[in-house]
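Both complexes below contain chain A, partnered by chain B and then by chain C.
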Partner chain A sequence: MMTTPATDNPTARAHAEAFAGLVSSLPGDATARQDALTRFKAAGLPTRRVEEWKFTGLDALSRKVFAPAAPAITGSPSRAQIEAIAGVPGAIHAVFINGSFDASLSDALPAGVALLSGASVTPTATGEGRGQSLIALNAAFMRDGVVIDVADGARIEQPLALVFLAGGDGAAVHTRNVVRLGSGAALQVVEIHASLNAAGATFSNAVTEAVIGAGARLTHARIAAEGKSALHHSHAAVSIGEGGEYVSFALSVGGELTRQESDVRFAAPGGTARLYGAYLGRGRQHMDHTTRVRHDHPGCATEELFKGALDGEAHGVFQGLIHVAPHAIKTDARQRNVNLLLSDRAVADAKPELEILADDVKCSHGATVGDLDADEIFYLRARGLSPDAARRLLLTGYVEDLIGRLDDAAIAAAIKARTDAWLGEEQP
Partner chain B sequence: MSTPDSMDAVRAVTEGEYKYGFVTDMDEDRAPKGLNTDIVRFISARKNEPEWLLDWRLKAYQRWLGMADRDPKWARISHPPIDFQDLYYYSAPKSKADAPKSLDEVDPELLATYDKLGIPLREREVLAGVAVDAVFDSISVATTYKAKLGELGIIFCSMSEAVREHPDLVKKYLGSVVPAADNFYACLNSAVFSDGSFVYIPKGVRCPMELSTYFRINAAQTGQFERTLIVADAGSYVSYLEGCTAPMRDENQLHAAVVELVALEDAEIKYSTVQNWYPGDKDGKGGIYNFVTKRGACRGARAKISWTQVETGSAITWKYPSVLLEAEGSIGEFYSVAVTNNLQQADTGTKMFHLAPNTRSTIISKGISAGRSQNTYRGLVRVAPKAANARNYTQCDSLLIGDACGGHTTPYIEVRNRSARVEHEATASKISDDQLFYCRARGLGTEDAVSLIVNGFCKEVMQKLPMEFAVEAQKLLGVSLEGSVG
Partner chain C sequence: MTNILEIRNLHATVHGKEILKGVDLVLPAGEIHAIMGPNGSGKSTLSYVLAGRDGYEVTAGEILYKGQDLAVMEADERARAGIFLAFQYPVEIPGVANSVFLKAAVNAGRKARGEPELDAMDFLKKSKALLKTLDMDEKFLNRPVNVGFSGGEKKRNEIFHMAMIEPSLAILDETDSGLDIDALKVVSAGVNALRNENRSMLVITHYQRLLEHIVPDRIHVLAGGRIVSSGGKELALELEQNGYAGLTGDKSAA
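After this line comes the complex of A and B, so read on.
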């Protein structure tokens, strides 16, 4: 009733059928993968009847069959193209083609960074809750990704750019990253998800687990910039230690359907989470940002800001839950979602949610939906700007206000390059 | 605005409702437990209803049987499953022989509460269920006011009477806002509704007094299924008060009412509720399940529907008074205070459907949780593609008193028109120690200080209440939160 049985969905069926033939070639513990597949089959794919998926349907996985992709495909880009796709100045690049590491396109990995395929990571049920069966599917089929261990006190200055390229019509790509920061460590990671061949429809399903130690700081950006017919689901399951900090930026500019989830949990008192996101959609794009922050300990702070700009017939979704457990006093949580509807047929849905079980807290959320401010456009036009130029200037400011909140210049630059490109394509 | 005279008048009219409403003509009757087509036929027959209404009820019953989901599970409430075959769906008022003979036999705690609320003595007798034949000498007064309303063409009577006397109006509007099979509880109500109020305000008439009913739950183990329908014709105005600030003596669990409002061109309906049914004891035993469907439709241009509610009672409140803004320039408002204490659960809010251009809505919700209670605001603002220039402003504030309660906010915002402006703000906080200290330092007791601060927190909503309710409702907030602060 609540979900589609796995056997009723062609994509789910294709995965179940491919499993036996594939499992021996996949790294890690086959039994754990089998268990994950069983969990996925039991849960089925989420449908809109599951509250967490109320605004986003996965019909595209029924309309077309997506099967686990072959590990390598032809037509790889050049190293220069990789750097252009990543757009992170001075980064260490790790490149994955359809979920498999490509050493020829990647930089030498620094100490502490290993490949998942070499690290024999056992898939866990991390983050698998209601409506999260795609994570179980990932656990069963994940092929590669990185496992990063940053030692206590180590501060990695160079950002790490993880470039995930998918291609081949009907390819399903499951990748997983594990990031572990010791006490006082610091790291910046950018995931870039892009298409090798914009013409084919691909389904990428990326999961990142992060454990942030006491006083450590992780900056984690996810850029979903795949081709027009791509489906993209990504999930970040993050645990923050005492006084630790997680800074996240989720950008959606590509794909036919994109859903980026963040599931953040404070594992000790005094942590900070700063979650930012932008979704810039046009055409018939559907972009969903879903966050869940669980304050299970006292004295933690959350700041969330998600901004949407929706043109054409684009559909933007923001769902944000802030949960404050009993006794998680002195919680300071602020969440804001702003949506601009730039065309008559654009659609915005928002569900900001507070769930508060402790009294000594400061929590707020706000959500707005509207068009660009007519007064502001008038102001600029009165100073000689054309309507298009005025709109573009306001949109640029709207997005840059968000990017400006990132302290990490290289990551901010990578995001800005993407948003500038989107604004440049803007058709009045 | 309202003089003591008009208050008496309101009570008189109310009292008239009781004397000639469903209570008296049902005397000594009780259908067997359970629900089936025979019971539906029995209820309809007892009320001498026409064939079309019986058919309507039977259809609703069939739809209810077919509701695969059974009762809704999405709200943040929990209760043991309800055995719908273990309830009485039709019963006469409790025999007067069992009722207390005088106030001396009434629970002193209840009397103390009446005292704090300043309820007039004779009214206390009614509320406490004292077996007094003529509590108010009001028959003549009621008749006078009925005549006065009659002169203006206003119809204000029980639903049963309306079915007999004004079948065309009832037929036209009943179920037109809340269809029979709208949701599980509304569907159940459609099949077995007992009675309720019917109001019709003719074109251009401004109802000169605030219409009011005190609903009462009568006999033990009887689910109550009121059905209220208010129609304001073009250019008319009516303010309607429902409920009662005083706790009432009753032992029923389930209450599934339906209220439908229809406002035509330039008409305005103001609907105010104070709900203070039995919330159960400190351990959450007993208490009313208040599962209510309330919805208004603005069917004409510039129509306005305003819901104001103060919800302090019931073990569980599940209620979302909504407005369908179907016509150009229509306005919907929702002002709510929901207080939960001990083990009460409230999941309440509103839905504003912007379906036409230039529609506006305002939502102000104040949730106060204390004890071990759970209090949820759940709301929907939907702007349809046609609703150009729609405007919504929503503010939801939660106040938490004590570390064992919960205050939650779950808004849904769905916008399909670029020219709409929708704003939602929500906060959650506790009563600050500074505020309490300030009040205490000026000689207020802790409970008075909390009451003062809570009333300040709710001021924007309380101001919207008609005079009749405002004073009592303010005291009620204090009483409801008694024992919540150390």
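After this line comes the complex of A and C, so read on.
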């Protein structure tokens, strides 16, 4: 087995031991949770020997014990702080503290938005596969999240900001969201993962399942902006109906180790997936973006662009698999990964993979690793910008070029606020 | 009359290869001088050496700008001191709005000179007025720098930058290349509008055509890394008829 037996890992063991005492306080079907825990135990935590994890190790889960977090902790932020953390203008806010909904900090939830804790969602094995045992762990321990049902033809104008705050040293937080869009429906959701107190090491394990109906459009942003010692794993399992569209933006700016996964399947012909991502790292941060897109139906389009900017000793990883089934003709799939290394010690690993089993498709991929362009720097300096100002402006443009691809202004603003803050912190 | 630029016995290498082999040139305040010459004569090298590009190394001689030795100044210091290079190949900067870059550039210079920075309103007002004279749409302010611009639009944008930055010394590196006749007229009118007694220009070109529209005070012929001939504006016509071949003598006495 290319995995660590669950009982050998202190974090896995702490979860297994806590389960019996905890399960009665968790929503939904206890048996399904027990099954999920069994699947997790059988699979164990992924190690670097699993191909999908070759660039990202979960050693941090062995070095320190992370146990399911107590739902309530002291030192809650104010409502004004919540809005600042979310940064999504005009949003409806749903706030979760260590995985539990906090009504006092949240807005009234509109019709169609329920809480997982009240909706009796039965955990399924959605998205679980090789190297995906963290999803099973989430299924066993998920405490709360939102369950959104958007009716056929309903277009929700206000963006929904899901604010997940974690705190307390050694706290493991498992959240799950379920998003279902009826035919022709539209919704914008932003997940913001941040720390309550930056000092403690926390482990967030967040899963979002989305089913996009025919002709429906979901914009889904994930912002991983936790404190310096946080571990973050998130997984989006998305199914796109006929002519439906999924627009995703995954931003990593925080944490010691972050891995954001996207698993997208076209469930019918004619769908579109636009997956964007940015990872801005410095210090010893490790940021991994892993995407898998399955084209099982004809006439679907995928556009992927992930950009990294890595300073200090940061390590960026991009893995992107696009699978085109034999009958998925007229597939149009483009994938690009660009990495800027801002220091000699920063590292970027890129693993683009195309598995094309169909004829009559348009597919391309590319990955680059480099420094800021010398011609561009000279051009800016020759107009009077200092080397530092030139570098900053180019970095801003590098990120802006990506954010500009989002049509949703509120979501773009939330992402830009985070990237601007990162650029502002930059040491010259 | 004071000299804006004095180049004495300038030798320069590019990646270790000597391209400029003893250039002498004096540019008085308020004058426009043209530098003509065949391909590979060192015209663009001279412009990059003046602008202070990395990799262009002065190995002998000196360049004085307003009496100050340029050797000790970085590219951006030179720009803030009033030296402007209009690029032969303007660079595309994705994600950076033209106005954001230009405002930063304008204010970097103003700050260095101890002048108040332009605020957003003044900047916009001045920009719009100048864009109009260059026959450019206002949308060029918000588009990313040079991205998706046609060749002619890029060159116009360079002149627009120059007009906003108001340099003391402007170096126009083959600004005419890639321009059709209408664009050439617009660009030339833009350049001529910037002529004044305090501003000097070095117009680098391969063809005489540009100099019908931007009439220089003097013309220098650069060949083999040296100024091989200097003269008045009539020299351009002579070159047009006889070409660069056989030019060695100094006609500056004419």
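Of note:
The definition used in the following text is that the second predicted complex is superposed on the first by the 427 of 428 C-alpha atoms of A that agree within 3 Å, B and C clash if a C-alpha of one lies under 4 Å from a C-alpha of the other, contacts with A are read in each partner's own complex, and residues count from 1 in each chain.
The working rule: contacts are C-beta pairs under 8 Å (C-beta built on N, C-alpha and C of every residue); 3 or more make two chains touch, one makes a residue touch a chain.
Not measured: the values here are computed from a predicted model.
After superposition on chain A, the partners chain B and chain C are accommodated together without colliding. Once chain A of one complex is fitted onto chain A of the other, the partner contacts of A:Ala18 are absent, as it touches neither chain B nor chain C. By the document's definition of touching, neither partner reaches A:Ala114: not chain B, not chain C.
With both complexes placed on chain A, chain A has more residues touched by B than by the other of chain B and chain C.
Legend: residue contacts after superposition of the two complexes on their common chain; A:Leu342 is shown touching chain B, with no touch to chain C. With both structures placed on the common chain, the touch criterion links A:Asp371 to chain B but leaves chain C unconnected. Legend: residue contacts after superposition of the two complexes on their common chain; A:Ile356 is shown touching chain B, with no touch to chain C. Look at A:Ala32: by the touch rule set out above, it reaches neither chain B nor chain C. Note on the superposed arrangement: chain B and chain C approach each other to a least C-alpha distance of 15 Å.
Residues 51-54, 74-76, 79-80, 84-85, 87, 90-91, 93-96, 100-102, 104-105, 108-109, 112, 144, 161, 165 of chain C are the ones touching chain A in the complex. On the side of chain A, the complex with chain C involves touching residues 374-376, 378-387, 389-390, 393-394, 396-402, 404.
Chain B makes touch with chain A in their complex at residues 74, 383, 385, 398, 400-430.
Residues 51, 326-327, 329, 339, 341-371 of chain A touch chain B in their complex.
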